[in-house]
Amino acid sequence: MPNQSTGTEAVLDLPGLQALVDALAATHTVIGPQVSDGAIVLGPLARVDQLPVGMGDDQDAGSYRLRERTDRAVFGYAASAVPAKRWVFPPREPMSRTHDDGTTVSVEPVLARPQRPVALFGVRSCDLAALAVHDRALLARPVPDPWYAQRRAGLFIVVAACTTPARSCFCVSMGTGPAPGAGFDLSLTELVEGEHRFLVTSGSPAGEQLLARLPTRAADTVDRSAADAALRQAAESMTRAMPTDGLAALLLGQPEHPAWAEVAQRCLACGNCTLACPTCFCTSIVETAELGSPVSERARVWDSCFTADFSHMHGGSVRTGISARYRQWMTHKLGAWVEQFGVSGCVGCGRCITWCPVGIDITEQARALARPAGQEPRERKP
Amino acid sequence: MRTMAETLADYPFFAGLDDEAMALVAGCATNVHLAADEFLFREGEPAERFFLVRQGRVALELHAPGQGRVVLDTADDGDVVGWSWLVPPYRWFTDARAVVPTSATAIDGACLRGKCDQDPVLGYQLLQRVAVVMYARLQAARVRMLDLYAAPGGSRV
Amino acid sequence: MTHRSKAGGRVLSVDALARVEGEGAMHVRIDGGAVTDVALRIVEPPRFFEAFLRGRAWTEPPDITARICGICPVAYQMSACAAIEDACGVSVPTEIAALRRLLYCGEWIESHALHIFFLHAPDFLGYDGAIEMARDHGDIVGRGLAIKRAGNALLTVLGGRSVHPINVRVGGFYRLPGSDELAGLRPMLLAARGAAIETVRLVAGFDFPDFTQPHEFLALRPAEGRYPLEAGSIVTSGGLAFDVSAFDTHVVEEHLERSNALHARLHGRGPYVVGPLARYSLCSDLLSPLAATAAAEAGLGVECRNPFRSIVVRAVELVEALDEAVRLIDSYAGAPAPYVEVPARAGTGYGATEAPRGLLYHRYSLDAEGRILDAKIVPPTSQNQASMEADLRAFVQARLDLDDDELTRQCEMAIRNYDPCISCATHFLDLTLERTAG
Amino acid sequence: MSESAQEASADLDALVATGLAGLVPRPFRVDRSRRETADTVTLTLAPVTGGSLEFAAGQFTMLGVPGVGEVPISISGDPTWPDALQHTVRDVGGVSHAIASARAGDVLTVRGPFGTGWGVGDGEGGDVLIVAGGIGLAPLRPALLELLAHRHRYRTVTLLYGARTPQDILFAEELAGWRGRFDLEVELSVDYAPPSWRGRVGLVTALIASVAPEQTLALVCGPEVMMRFVTTELLHRGVPAGQIRLSMERAMSCGVGLCGHCQLRELFVCLDGPVFRADRVLGLMAVEEL
Amino acid sequence: MVDHRASLAVFKLASCDGCQLTLLNCEDELLAVAGKVRIAYFPEATRGVLRGPYDVALVEGSVTTPADAERIGEIRAQSRTLVSIGACATSGGIQALRNVGDVEEFRSIVYAHPGYIATLAHSTPVAQHVAVDFELRGCPVDKGQLLELLTSLLAGRHPRISTASVCVECKLRGTVCLPVSRGVACLGPVTQSGCSGLCPAYGRGCYGCFGPVPGANLASLAHQLAVLGLRPEDITRLLRTVNTAAPEFAAESARQEMMSR
């Protein structure tokens, strides 16, 4: 909701960043980027020195490596290995508990109010865009997702504008970055040239209030133009792009295109792309009952349209082949999604490209579908 | 009293044939009446006629040792029964039994074959109509092979 | 189970031994008041581990040999690592050695609890098994389950899972545990340690047949420090002392005509025994004060020669393993790295560690690329085979007055004293089965 | 609390309440279990607490057994008498086996009703043709009962029903009653029959007689292949695709379009269906493994 | 009094006992299980033996001898529901390494008197000999899956055992993908879940304890493993551990072995 009091710009230094984390930690569980197991992931954050200081990443199809930067940048990397969705849409969400003692049966919803709301700190523009997609797919619905609603309601978002995109990134072509769109509480643009500082912008009344309590100085034109330049350069350095023109029609209209069979030669149907994707929201409802216990629990668990069980009806799976499953995922993400939710399911974060164990590139796949059927496929990369 | 040509004209099978052709066919036709469970023909007998069900129901059946009799198909009002008269060796492949009291028009196939041989236009027109019937029966048989209504397989522990 | 009497003689025969790991059979023949034939027959099919280790990489035996036995996979992993590191001339840092010891404690706790409560105690209390026993002695079985759970929890944290742990590699571990993860186990282990002391008291009060055997004991004994687990050199009650690398020169496997099994013997000396009785008798001075006190209270002397009292020794070893686990957790302060590199080189390496049921020996010869040229594995049950049969012979001879049912039951019990792990032992056995082309 | 915060909080409470109402089941007690065929039963359920379940003909519920799981089952009862919630369940899998085994007094869980209905009222003033195959008669029974309740509003009402064998015919007694009515035409056909069967043998499509295409609303439910053939036949006879309605089956799980299982390209079968106009799904049905 | 509880029998063929032990390792649930079923035959746990037929038989181990080939038929005959548990019973286990070796040579390496050893040239899964109602994968089986199996059998429903890949479990637990982030060889993408993504969580690549997922695309994975620097002989060995004879693993390892020659 538009508010006059937002949009304030100011400058934070590194101690100021710690003050921001501290201020958030007073009321929220702060989740932020950090190095773990050879990658930048999101996790509980207390101190600024936990951030990936001086770390960058090299991401490309099927490959991710941490790289030491020559500077002390704290946001000098692209999309985190783990998307932010698990803090608003956790992998396993208990839904209801049934008590059946043989004579009476009662069902109770499980809706644990989180102890403290979550503050997402230092997430990227693509993550922010993904949240907006989830809002449409999970909230703006005839029956909204009550668990998501609850976690989402208390969420505080500090977005870190992306100044060092990876080779797998293509947010510019999706219109979701590198500068953040709407929906954040605070936005940070890191400036490493000269004095190491962060241009901070408020995007909500809550952000505005918090900003007022931080040790900042006013932003000047030098700060603003440095931030603009950094973001412009980030946009220009992006090497991948999704050919979005007419893409939905290409996808929806060509279920028999040979590109599906070709990608199925490579696709492992492992589900990595869907689970690394910040917008994929498919789940399965599983029921667990302990032997001899009158209580059974129903929970919702992340699932993937790449599994054989996913489309299982009595008698068998609807999508038995890998090509049908890949087609389902990509067609949904980039085509049917628009019709269902009024927005593309892709935010250009590139995670599906990086984290595909065999390096399948969704943008390349989109180009393959634009190729008239019958034309020779490109040589598979060695 | 209706003429045979008038009777035949009621059957959709003959719709569109000209008067001359109808007259030719009528010359080969007789009406028959069957009590319930009376057979129109039995498997293996020479197939010299075919039938158009006017009112009633005819079941095409086979019997197999161990399985008893199985109804393969039924023909109701307006349906045609039998095409073995068209195809060598001109013998019935199934039994045909009236399920309920049935009236039908029997056409002498041998007579008609002769007329068709002399008049290829009539022959073509009749064959076209038979093809439609054969096609429908074949399609139905294929779909039924899918056993669509059967419970899906899959183990249940 | 079957037993039958014949004119002029008795044959005790148990076709399928219960409450042992793996599938074995027992056969005792008595003629004219004398035991004429005793055979512990193993019906477990052969699995050819040494054969298919050939050509594998030097990094693979921990995972492959773990599959020899689901009850003591850590023992296989530890002996395999020791032998391969020996072959490659690498020794692991003390922190890694301590974590290995801790992992091994988990296996001892799990395996000893299983044996004491599930396999052995029902014999003394007169039940077919622990589940039947639980109806009358829920507290005892519950205590056993609690101890076992603690061992499994330790195995799970350090090894990833309790059966066929995945975290062991040549040179150390794939991942170091967090101090908090280990500290989190402490309350459970302390509770289990208390339950283990109770267990010593309980089993010490069982009725034991008056039966001692003069076997030579063989066990590892560390040069310094603590009760033998993952390291040490070999000592015997007959006064032998030799390095693990000399195992093959001192231990020979003989083929006896009267038996289908190969029997391990000490060269020029005869059968010997490994396992709790051997360890205790050779190393009781190394027990922790808590375990030593428990042993003293249970009336165990400096050595124990009654195989039936092995249940008491196992209980004491439970106390030792739990006490040691707590000590290791308390002194854990991380490690510089989860593992050290173990580059391949040509050579032969030897490794022996104390599996819950006794010394487990591995030997590997590698080529320069680390391909395994030759492997030899001698599990504890193989080494105890001759003594088990000797026990049976002596035991039955003194109890010919018992009826068949009771004698059979007691014979089974005599075998269970050893906690024989038949799955481990299959590769040493000859089976009298006809050859069939597959 | 600020006014906007109160508003936001009220919004949240409303969102959560709506969400939970759709996703948390209610216990229902089995009043009666009637065996229809060897593998199919009709259960009559009543709520353990709370009101009865109002539903439209063609809707389904997620029917569950505590500790076992839940499956989508069409409501087969009378929409004009929702106090008796009826489901006709075929024992084809783990969960449906547990449901079909329920006896009077057992408690099941129910979520729903979900999905679109047949929209029977759209056929007012014209002919209504119902074509059912196998268990597909179950979701059409509410449509027929609704038609009969307001029979005067329609011209001809026809039920064509194909089953596997005479033993597999659902609602056999009721069918006999319907066949005796003068304001309802009922035709049956089976795929396999013994000679004692006096009815028709053959495809259900063969039962489609003359229709007045422009005035006919066709409601079709059965295996997908059967629905394709029936639709082809109706289109051939001139019935506009917009007047043919099909009830689709996919792996519905959450029932409210949140879990993704039942997607048929851009459609959520649970939400946009299960009843679709033929022109909406014919193209999709033609694509293999969609 | 008639005991209406379902009877349970546990049988063992060639194996390590680990899967049976998994049942005994259900410390918290074991007595509850024992209360719900009649343990009719479980030699590792009890001397007590009840005669068949049994409602549920769990079979651990693979068929490796003529005697076992005969015995599994007898087990099937007296079991209403037969479930094979573990990699040995479902794919032949680690001892199926004999299938790709020379069993005669193996015999002579291990045994002093190879002539007395009766063994089949192949280690084969139970389902290759008799009809199996359900297969529970794993080396060893997972405790949670084993309990789900028993619970579902007692409830008369189909066990809910996911056939998704290990990757799904890694992502659920938040493990960073090892092959992508560190170039570690990992069979996770083609291996069925059940272990909770254990090995990658401990920083090592999956080695296939739960066997191939249905329709596993081994050719593509092998290609990627080669990209990561594995030689055909390395890929062969990776595929030949505890599920050596699982059809998809066996076919690809044979192909890789050809390439390495």
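Going by the order they are written in, the chains are A, B, C, D and E; count residues from 1 in each one.
Going forward, a contact is a pair of C-beta atoms (placed from the backbone, for glycine too) under 8 Å apart; a residue touches a chain by one contact, two chains touch by 3 or more.
Predicted model only: the values in this text are computed from it and were never measured.
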Query: If you walk from chain to touching chain, how few steps can bring you from subunit A to subunit D?
result: 1
Query: How many steps does it take, at the fewest, to get from subunit A to subunit E if each step moves to a chain that touches the one before?
result: 1
Field: Chain whose Cα centroid lies nearest the overall Cα centroid
entry: E
Field: Of C-E and B-D, whichever chain pair has more C-beta contact pairs
entry: C-E
Task: Please work out the Cα centroid separation of subunit B and subunit E, and write it as a whole number of Å.
output: 59
Task: Starting from the mean Cα coordinates of subunit C and subunit E, work out the distance between those two points in Å.
output: 25
Message: Centroid of subunit C to centroid of subunit D, CA atoms only: how many Å?
response: 63
- request: Could you please state the distance in Å, as a whole number, between where the Cα atoms of subunit B are centred and where those of subunit D are centred?
  value: 37
Message: Residues touching two or more other chains, restricted to subunit B: which are they?
response: 152, 154, 156-157
- prompt: Mind pulling the subunit A residues that touch 2 or more other chains?
  reply: 287, 289, 303, 314-315, 320-321
- request: Would you give the residues of subunit E that are in contact with at least 2 other chains, written as numbers and ranges?
  value: 152, 157-158, 160, 203
- line: subunit E partner, complex, touching residues on subunit C are 1, 16-23, 43-52, 54, 56-57, 60, 63-64, 67-71, 73, 110, 114, 118, 122, 128-132, 134, 141, 145-146, 148-149, 152, 160-164, 166-167, 169, 174-175, 253, 255, 260, 262, 338, 412, 423, 427, 430-438
- prompt: Along subunit E, where are the residues that touch subunit A in the complex?
  reply: 29, 32-33, 35-36, 147, 150-151, 154, 160, 162-165, 167-168, 171-177, 179-183, 186, 188-190, 203, 213-217, 219-221, 223-224, 227
Field: subunit D residues touching subunit E - in the complex, by the definition given at the top
entry: 67-69, 93-95, 97-98, 101
Task: Sort out for me which residues of subunit B touch subunit D in the complex.
output: 57, 59, 61, 68-74, 76, 97, 99-100, 136, 139-140, 143-144, 146-152, 154, 156-157
Message: Quick check: in the complex, which residue numbers of subunit E touch subunit D?
response: 152, 155-158, 160
